[in-house]
Amino acid sequence: MTTSGRVALRTQALTKVFRGFRAVDAVDLEVREGGVHALVGPNGAGKTTLFNLLTGFVSPTSGTITVFGEDVTGKRPEQVARRGVARSFQITSLFENLTSREQVELALQGRTGQGFRFWRTEKLLGRHRARVDELLAEVGLMPLADKPAGLLAYGQKRALELALVLALDPRVMLLDEPTAGMGIEDVDRTIELVRRIAAGRTVVFVDHNMHVVGSLADRVTVLQQGKVLVEGPYAEVRGDERVITAYLGEADHA
Amino acid sequence: MNAVLQYAVQGLAAGSFYALAALGLAVIFGVLGVVNFAHGAFYMLGAVATAVLLDTLGLTLWWSLLVVPALMFVFGVVVERLLVRWLLRLDPLYNFLLTFGLTLVLVELVKQKYGVSGLPYQPPAILQGRVDLAGVVLPRYQLFVFLFSVTICVLVWLLMTRTRIGMIVRASTEKPELARALGINVGRWVTPVFGFGVALAGLAGVLAAPFRAITADMGNNFVIILFAVVVIGGLGSIVGAVAAGFLVGLVEAFGQAYAPTFAQILIFVLMALIILVRPAGLFGREEAAT
Amino acid sequence: MTQSVMPETSVTEAHAAIAGGGSRPRWILLTAGLVAALALPWLVYPPVAMDIVAMALFAIALDILLGYTGLLSFGHAAFWGGSAYVTGLIATHYGVPFPVAVVGGAIFAMVLALPVAYLSVRRSGIYFAMVTLAFGQMVYFVGYQWSDLTGGENGLQGVPRHFFGIELVETESFYFYYAALPILLLGMWAAWRIVHSPFGRVLVAIRDNTPRARALGYDVEKYKVIAFVLSAGLTGLAGGVFAISHGFVALTELEWTTSGEVVLITLLGGIGTLWGGILGAFLVVLLADYLASSSLGGIDLITGTVFILVVLLFRRGIWGTVRHQWLTWSQRRTSSRRTPVDADPAGHG
Amino acid sequence: GGGPGSSGGDFTGGKLVLAVLNDQTGVYKDASGPNSVKAVKMAVADYKKKYGGAAVVDDIEVTSADHQNKPDVANTKAQELYERKGADVILDVPTSSAALAVATQAKNHHKVFIDVSAATTELTGAHCNKYTFQWAYDTYMLANGTGTTVTKDGDKNWQLIYPDYAFGQDMTASFTKAIKAAGGTVQGSIATPFPNDNFTTFLTKAGSTDPDVIGTMQAGGDLDNLVKQYNQSGLKEKGVHLAVGLMVINDIHALGVDQVAGTTFTDPWYWNFDQQSRAWADRFRQETGIRPSFEQAGNYSAALQYLEAVQSAKTDKADAVVHQLEGKKINDVFLRNGEVRAQDHLVVHDAYLARVKKPSQVKEPWDYEDIVTTIPAAKAFPPAGQFACSM
Amino acid sequence: MLEVTDLKAWYGEAQALHGVTVSVEKGEVVTLVGRNGAGKTTLVRCLIGLHRQVSGAVSFLGRDVTGVPAHRRARAGMGWVQDDRGIYASLSVEENLLLPPRVSDRAWTLEQVYEAFPELAVRRKAPGTTLSGGEQQMLAIARVLRTGARLLLMDEPSEGLAPVVVARIGAIIAEIKATGVGVLLIEQNVKFAATVADRHYLLSQGRIATALDNSEFRRREGELLEHLGI
């Protein structure tokens, strides 16, 4: 993977306190452009909260966040999204009543400002057709393109989540447990997919599946109790004593 | 200074009605997720029942304070069984609309039965007149209303937060399916809680009988103010409902004293301000995004 | 998570509700509707016919919010009544043809809606309903207090009906109906346009899953505010015509009962159906009119009972039920033609 | 029978239609409502009995509609009654806004409208027209009677509390004038929201200047609220009296006599005033089961006198009937020394200053009032021209 | 202790289970594996009595419980760990634990819970859903242990848990199994399934495709993985 010198995402002393509980505690994180960065750590370490902070869903108690040098601290989710930072959700989050195609159209439209055109017909959305087909094919949902998402199986929904993130053509992608609840085959396919789309983009993801982390990440940050425990290349981190005791345990080194 | 104290007491007395009724609203919302539009109508029924009981059975206020909430509880149970329960699984807006319809029906029925001019009521002599407290002369009845409602509010709060019943009740509301799978007979709890909330509205009505016009329409405006109260306090927050109830009473009293033309608008302005700076209300929980 | 107010409808159906397109039945329906609108004043008393069409647009405007954005406004009387007053004042003081006054009223309604929307959209679901109710009440009190302008309790009396000096329109309700109908039909068309636009699609997305819409870069609040303001504008159009038709404006137009009535109409017609509002208005207005002249009394008793029954037994509303039957029927037809292979719901193809 | 030419008259559709448009369900239901319709039917029966075969019209229909206290409904209904139901006259119409809307319709349709239950002076002032009459009372009469009499009786210092809308403002202006004319002073007048259920603050404020009497212009449920809170405020014990601008007998019934005993107010009519009134009230009770309010008696009177006018005019043509009514002097069960003033169509007649009885004095149900004085017709109502009516 | 015979389930017109027959004995851990959408969750919801569109028979502890409402099944000793955890936002962590009634004297005490899951002890006063995904999973498991259920129905308990915690759960399962509790475990994590279970059912498109004991399961792991992926 090519990592240029530029810093895509940086946090400085980022802290979030929920009623006295420090969920994220003075985290300094630096993700270089083009890198695939994994965030691991025990349950409750603050990974999802960190994602929420990075995408504006939660506002930080203190500290700063910059995206390609621009300060986005305290910006709202849609503002962060429009700066090229897209996220997926740990708990599947789709528009139940729209078809896969419509959802992807919606995602594509988001960047164009067409959304405010209440005097135009929705056929306008047809212009995204080619791109929609491409994206759906990429995640293997083409045959189900016209099925409302509410009727899809779980794995299919996860795939659609990814398609939505991709549709935003983001510079930085934040994927929260992209393979959670997937069968082995789907996991491998997803790894492939993420690897493919990661080209030329910056990816930060959370996953408990070490197989996924190992295959994708070129850098890994281990969080514990809201603090950075270790950071480094995967091979280095997984050998780290502290990581083994705090997170991996003796049983499973998959 | 004296006047200011008087206004304060008057505001707290007015707030007592809001606090008690809003408490009922909050309990029902907290447990059933129902915003009960008929709360004003239940308040009205409480007052009407008080007057009718005095007229027919000679029940004094003291008895009414016990009997009417009990009757309203039963009535609430019937309403829940017959109507509200069928919509609990659905969007809360449906129950909002249902209780809106119910309000129209109840108000109209009372009009047909008891007319529109109102019902007479004679309060007990001991609550008449005034007491002198350190130079401030206060109507006895207002003091009584205030103390009584504060006591009830504290008791309810303890019940909901400190007892197993409160816990079960909260769980049954939030995820009824799961609660059943954990061995809790959910159906058994929802109904009495609704009845309980209705009884609180009825209790506010009893307190209103000696103090306010007992007419079929007495709850119409009341319920709107109640909504403002719960928005200010944070819907679903018991403490919030009570605190905001008293706050709104005070705002109303001082508004009427110093800016009468704007007294009614003032409450809504307060609400707008709260929404601006604290959308979840004074005591409301922030809605977390996952 | 979802704030959808159509939990009864299946996903397929909800999707059908938002899918646009110009199929044949739709054209047949449109033509039938137009014919009905033109014939209405022959069938019912013309001022009542006018009320029906005005209320229909009111309900449709509300449905943009309720059915398509998932926001129940319980304070729309503010825009209906607000526009009625402004329309009435313009007509009284400037002597302009009434369509101009009506447009003025609608613009006012939109201006009024802006701050209300800005504050209300900070809450959703049931909170939104309560907040709008409270704001509606606030507008009511202003209308009530500002009696120099609004006539307070007495209402705004003697609103003229100028229409380019065409006497028949200005005096006869029958001809006035045809003069005012195009305004309301235009409003309905606009509502349809809004719902079936890229904007409408975003509204549905927001209704279904707000955080997700945010993550896709949509400024949710802005969309809700725009939807609210558009809805208020169409409401204003209807309220303005209503004011001119009646020749005066009463404080009741601002009362929360008016907000409640239009919700009933929308609900009866079918939430999220748009056209249901027309049927709902037809029934509710005629029923109220009938009850007012019958010696039955107890309008609220009947309105309230209808409310309860519809909510309990008939949540899809009239139009929604018809559409449901239609979809079930056509689905059964298509699925019987399909090969069973397609029927596996879980199959990854 | 009927039809042009028959029985020498000239009646559209061959019949005469009297329409009662009022509130059948809302706050005015008890005071007027369905029982006003019955009162009008009594008038029709009396008319038929009196003239028998000599009646110019024998097909007389009484129809009614509910305006639900909504002026827009009143407006549409009035149109419909005149246009579709062939109404020759509309009667009653409580709520000022509704009455004003109906007056406009009467003017546009050239049909008669006799208002009984609305109090606004605009009906015979700025909004007066040739076809509209105000039969029973107006705000001037209410305020003037009470203000003058109470002041003269020794309560010179007043505080006024009034609901902040047209009726309350009118009443307050009239009260203030009357009080000053009688040698009293108004220490302050306090506007309150409407509707309102909490008057404690206003009462405290009013009481702070130690007035002799507090005059309230509240009506209906608000009056009920205010009286209860006045009773508990301790002002009564301090010797601050209460005078009421508008009280109808149903209000006393609703509050209970004990709550308002001793309160003075002006009443256009009282059922137990004299033998004539009582006899009619007995008949009314046979029809309805309760005693009549002044509105109901007023409707009877208005309908009866309208029929008399039709009898003289021999037609239902509005202009002819109006011509018969204008300037007519009338004495009936409701109007004593009455006159339909031609200039503004206000019907002036004797009014009464009433005092609410003590519970111990009440001898039978609805026996609530002592009539203290009769205010002669000439003094009870505003002089012609006071409210700028031009027809 | 659990006998399921020819269980069929529908969602509206779509059939999700096509005649499933499974059993769980005392002190036995049985897993249910199968790809997404195979019907595992549906099966468990039928067992606990939440899914009502069913036919077939379920007997528990020798008694027929078909048609018995969910809360009575729970009281009879079925414990359910929901796939989406089902933590109460309106209850604190401790209240979540105190909520369910005790159904046998096997029930864990609060001390035992906190000892096994120190993460929860720290957050005991926090509102339930403010816990992290994994912490919520622990809470859900701990909550069902608090009842002392005789049969645990666990829907993907290891999902989203850190490997150390997964190992801990494994140990707990082994521990309670020793006291005679039966466990029906839904698992995607085949490795984990193999370490804790005695027998396995492979569910595919609403039908039991294969039933295997653990040694065979281990032997055919690779083949199974393939099957699961297809």
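The first chain written gets the first letter, and so on, giving A, B, C, D and E; residue counts start at 1 in each chain.
Just so it is clear, a contact is a pair of C-beta atoms (placed from the backbone, for glycine too) under 8 Å apart; a residue touches a chain by one contact, two chains touch by 3 or more.
Just so we're clear, the structure is a prediction, and the values are computed from it rather than from any experiment.
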{"item": "Intersection of the contact lists for chain C and chain E", "value": "A, B"}
{"item": "Relative to chain C, chain with the most remote C-alpha centre", "value": "E"}
{"item": "Selected pair, greater C-beta contact count between B-C and B-E", "value": "B-C"}
{"item": "Between chain D and chain E, centroid-to-centroid distance (C-alpha), Å", "value": "77"}
{"item": "Rounded Å distance between chain A and chain C, as computed from the means of their C-alpha atoms", "value": "41"}
{"item": "Touching two or more other chains - residues of chain A", "value": "48, 57, 77, 89-91, 153, 155"}
{"item": "Per-residue multi-chain contacts in chain B, two or more chains", "value": "108, 261, 264, 288-290"}
{"item": "Residues of chain D engaged with two or more neighbouring chains", "value": "25, 164, 193"}
{"item": "Chain A partner contacts - residues on chain E that touch it in the complex", "value": "35-37, 84, 119, 123, 126, 130-135, 137-138, 156, 159-167, 170, 188, 190-191, 225, 228-230"}
{"item": "Residue numbers on chain B that touch chain C, as the complex places them", "value": "35, 83, 86-87, 89-94, 96-98, 100-109, 112, 224, 227-228, 230-231, 235, 261, 264-265, 268-269, 271-272, 275-276, 279, 289-290"}
{"item": "Sites on chain B touched by chain E in the complex", "value": "30, 164, 167-168, 170-171, 173-175, 177-186, 285, 288"}
{"item": "List of chain D residues in touch with chain C within their complex", "value": "24-25, 34, 63-68, 70-73, 75-77, 79-80, 84-85, 96-97, 100-101, 104, 120, 122, 127, 164-167, 193-194"}
{"item": "Complex contact set, residues of chain C against chain D", "value": "45, 47-48, 51, 141, 144-145, 147, 151-155, 157-158, 173, 242, 246-253, 288-289, 291-293, 295, 297-300"}
